[in-house]
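Below you'll find the structures, each written out as structure tokens.
Two complexes, one shared chain (subunit A), two partners (subunit B, subunit C).
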Partner chain A sequence: MSEVNVNINVHHVTRVEGHGDIVVDVKNGEIKKCQFEVVEAPRFFEAFVRGRPYYELSHITSRICGICSVGHATASLRATENALGVELSEQTVLLRKLIFHGEIIDSHVLHTYYLVAPDLLGVNSVIPLIETHRPVVERALRIKKLSGDLCAMIGGRHTHPCAMAVGGFTHLPTEAELREMKGRLEAAREDMVATIALFATLPWPEFERETEYVSLKKDEEYAFIDGTITSTDGFSYPIDEYRKVTNEWCVPFSTAKWTKHNRESYMVGALARFNNNFDQLHPKAKEAAAKLGMKPICTNTFLNTAAQAVEMVHSVEDSIEIIDQLLTRGIKSEKPPEVNLNGGGEGVGSCDVPRGILFHNYVYDENGICTQANCIIPTNQNWANVNADMKAYLPQILDKPEDEIRLHLEMLVRAYDPCISCSTHLLNVTFV
Partner chain B sequence: MQGSVLVLGLGNPLRGDDGVGPRIVEELERRELPEDVTAMDVGTAGLDLLHLLEGCDRAIVVDAADVGLKPGQFVRFTPDEARLAQNSDGLSFHQVGLSGVLSLANALEHALPEIVIFGVQPTEIDWKEGLSPAVEATIPKLIEVLIEEIEAQL
Partner chain C sequence: MSENGKPRVAFFDFACCEGCQLTVVDSLQTHLDLLDAVDIVEFREAISDQSDDYLVAFIEGSCTRESDEARLKKIRERAAVVVALGACAHTAGLNALKNLHPLEDVREWVYGDKADWYDTYAARPISAVIEVDAVIPGCPIDREEFVSVVKALLMGKTPPVPDYPVCVECKLKENVCLLLEGKPCMGPVARAGCDAICPTYGDGCEGCRGLIPHPNDNAMKDVLEEAGLTVDQVMSRMTMFNTYPLQEKEAVAGEEVK
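Showing the complex of A and B:
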């Protein structure tokens, strides 16, 4: 009979985007409670978009998250375009893929370097890393600046892609801007090599728990925008049938809805994409995965962060190829097409955003006004899996000191890169 | 004085009074701003702020802030005059934005431009669109003061 007693109450896990609490109660070696309680969640979505015209929705929804603004805008636009039957030009498709890569890099560099690397290097934030690993921090800043500039070049503005519109773009990058960006992306290859080298040396915690991995899938490319919903349990659905996967339900200790499909939980995000779509990764990204010792199906949740590093390599390489295609075709001064409302309709848009698969679903009336809306964010789809992971991981680390248990559980939650309240920010000021 | 002035409106218009920064930028964009002055709605930008700040000579930041005043009142201060609250780890990218970026720049010894912050006391920060009456009522005065600040900086 073990005499282990642990009582952990971590309020507001730091370095996650939002608020969530870890609660653990172990008495005499028996786990009485082990859960992640979400205390805040966006349940406001429909209220913001109901009654608004179709052309405003992507601009409203891109404000949900300061990090995934391109992802929300893209999923929103795809839902509207599917509802109203809007076709996209080849140039629009390429530019959307390019800005999406910008956001993948932007979000992943933040999570891998600023939020996870400090844990693995034994410090509590990026600030002490400046003393010990200055080139690492400088490199992260360089990558962040590159991805921010890539998003701004196409989206027209930092953090909010105001140029993204139904059917196309209201502002286009010039060929000179694209050429300059290509040069910077090529120069960033060195930083990508260094990134993989760094993460290959870090001590990832050992923890294997098989689960169902859900992501988008396309035959022709590593899927970020559109495709079919795919699971490692062998299921496949058109995106219109997303509710067959998400099956939302409520739990008493969380204000966020949970989801489940074939098992009690599933996981979305970079690791899910890696596991479903490894074959479509760029060869350099596959090499990176090999250096990190990863191959599908990888079942160590902590390696979601490593999968993000692999995706950064992929996104840099694919961005270069997309820019080549755009330059070969030449940028055409297209305007978004006229939208024919056709009596309105319903549409679903899905993207695999940095944190995982995202769904927007709208119904429009004959005047193009939104009458119903639904949005399921990746983080909500991960909650059940986070809790299942915590319950499986805790017994493996119960012999460690309480502080270490706490840290490891926090690291486990952070591995999901969760976004909980999505972009609140109030400056608290004390005058000195 | 000369050089470029960047007016940054921080905040999320979907979070009630948190949207005061973007709202101010919207108001400024309706006016003819002097050359070399750019007003930018940066929403809930985190680390991007660092690169934006590094690219200008002077910056004026407008943000909802708990400055211990009545709702709608605002105060002008510089980063040196205030301690901006941070999470215990010193650099989460959730609430901090500006304070995280300033401490990171400081630790890296990166030179930043002169920064002036206008903190507006919110009535409420919650998931809803639109400013509260108290913050709405302060907009004309805040614009007036900001224009003076911009002119003084040019």
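Showing the complex of A and C:
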């Protein structure tokens, strides 16, 4: 090993959202450098939402991310609603859960099929698969369209939804639309079975590194919106105390901040949710996990993608149940309630979006104008863990050719489904 | 052109959320045949291939730092046609909201005493740095409009962008005017082409496609005041996506006064 020299500089890792570089320097078998550097241009959302009225915040912050804009909108609305004491109707809660499931499916099908499957099938992108695996590509397109249409039925469109407002929705789906969507979701069960069958046969790299897994948790359901912050190291906090978990800090080679909690790093995302909330998964999702050979606590980072496939099954099943509840209750033509500013206030909103736990925290003045804002993005919380994984994985693959090392490190980064453009929209550390 | 005779197309992004590129990916759900018409040679979000040889470059995102300029100019040198993809590239979009604050304050607010580590300047549309041949406005872009722009470009035409206001499309949809409900809406002065999607879903137009040519600002302010909106509410909506064009207009007006 002592004569091994590797010098890798992957400028802008592909098939991820945003710009980041992998830098590896190995001299005589000794790892001098092995890190992931975020070079994305910062956009300064937390600074420029100051001075904007409360009803604009979710529309502005949904623009942090084109892939999880429903998640950002939801966390943003929950922060505003908690700050101003706005109560939600049962119908609003159900519709929020439903559009959120749409986004979980949409984002996960993008990552599992379009971004990761090409690696496992040995090609550079989804495009060559159109020739070689056409039914697989068509299935992916079909699931993507279904989930996009589900979001559009409620929000008007998936990317940057129009109808999500403080306290409710400015437009409601009809019962006929809900019934049609239910039929399409039931038909998609077949695609879910095929999805799990596909991913069960793909060659996942073997790599185990135990870490702390952090997610939201609720007793009554698999938590995506609200709940308490939970970790596999046994910690639990109300969402208002999120800073006890996130502890952000700056590193000079990254425009994204890093976080740490109990250890040097922790992981968020589908695998973290799977590990913390397995019991609350739909029975069909548990079956899917068994077919993929997964049970909690799963410590192979690469299987974060497999956990996403499991969550797709869960979200399809739970969406069908939510639509049933909505149809039984009947859609009531409610408008978002009048907001009483009550002198303003501070609130935290949290959701477990496709890539992991997300926090929005705002302070409003007596006129409902935002004076302080903080958004902590899942991908940020993963950076320290990504780097710890890379350092642990590199020695295991150091005997491979340089091209293969590069590919495997890229695959490891990609397993996190990083959303780099999200992660560079950082925060203010000191609240007065 | 590629050897197969298809035009080579590349996608690039600067400061943005990548939602417009995601919309491009989503256009394949209904238009998979697009891939029969063009060769995508670079698209970092979706494929691993990279290339310096392309005919058409679609660019998403705003220019927000000096180092972006060299990259933009290189793309311009290589591409015969440059298309601004979405609001961030077209008008600097939401990114320009930071231009309303002193830059030092913005950097310190986000990065504290580490502010000097991070390079940034006032956000600007890509047309402030390079020549742009066509635009697809919107936040995000409209999927069908993207497809029709590609078709127009393939036929050697400059794709038309509507220059009438969103109100026209909103009326055709027979929506109840949101201004009557006292909701801030940019419909009278914002560029159409989105089929008035936000007002149709109950949210006032945000003006994400930019302003129509020669908007009557004063009449717009009167309309908004009649709707019972305060100056702050009006300005807030006006600046959401149009801070950069409005600041440029003020700068020009300032020059004329001098």
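We adopt the following convention: the second predicted complex is superposed on the first by the 416 of 432 C-alpha atoms of A that agree within 3 Å, B and C clash if a C-alpha of one lies under 4 Å from a C-alpha of the other, contacts with A are read in each partner's own complex, and residues count from 1 in each chain.
In this text, a residue touches a chain if its C-beta (ideal position, glycine included) is under 8 Å from a C-beta of that chain, and two chains touch if they have at least 3 such contacts.
Just so we're clear, the structure is a prediction, and the values are computed from it rather than from any experiment.
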Could you say whether A:F44 touches subunit B, subunit C, both of them, or neither, answering first, second, both or neither?
both
With the two structures laid over each other on chain A, which partner does A:C250 touch: subunit B (first), subunit C (second), both, or neither?
second
Quick one: is A:H160 in contact with subunit B, with subunit C, with both, or with neither? Answer first, second, both or neither.
both
Count the residues of subunit A touched by subunit B and by subunit C, then name the partner with the higher count.
C
Which of the two partners, first being subunit B and second being subunit C, lies in contact with A:T170: first, second, both, or neither?
second
Could you say whether A:P53 touches subunit B, subunit C, both of them, or neither, answering first, second, both or neither?
second
Name the contact category of A:L141: first (subunit B only), second (subunit C only), both, or neither.
both
Looking at the overlay, does A:A289 come into contact with subunit B only (first), subunit C only (second), both, or neither?
neither
Between subunit B and subunit C, which residues of subunit A are contacted by each of them?
12, 14-18, 42-44, 48, 60, 63-67, 69, 110, 114-115, 124-127, 130, 141, 144-145, 148, 157, 159-160, 421, 426-430
Give every residue of subunit A touching subunit B within the complex, in rising order.
12, 14-18, 42-44, 48, 60, 63-67, 69, 110, 114-115, 124-127, 130, 134, 137-138, 141, 144-145, 148-149, 157-160, 421, 423-432
Show which residues of subunit B lie in contact with subunit A when the two form their complex.
10-15, 18, 40-48, 50-52, 63-68, 77, 81-85, 87-99, 103-104, 107-108, 117, 119, 122, 125, 127-129
Subunit C partner contacts - residues on subunit A that touch it in the complex:
12, 14-19, 41-44, 46-53, 56, 59-60, 63-67, 69, 110, 114-115, 118, 124-127, 130, 141-142, 144-145, 148, 155-157, 159-160, 162-163, 165, 169-171, 250, 252, 255, 421-422, 426-430
Residues of subunit C that touch subunit A when the two form their complex
14-23, 25-26, 28-30, 32, 35, 40, 44-50, 61, 64-65, 68, 93-95, 97-98, 100-101, 105-107, 109-112, 114, 117-118, 120, 139-140, 197-198, 200-203, 206, 232-233, 236, 240
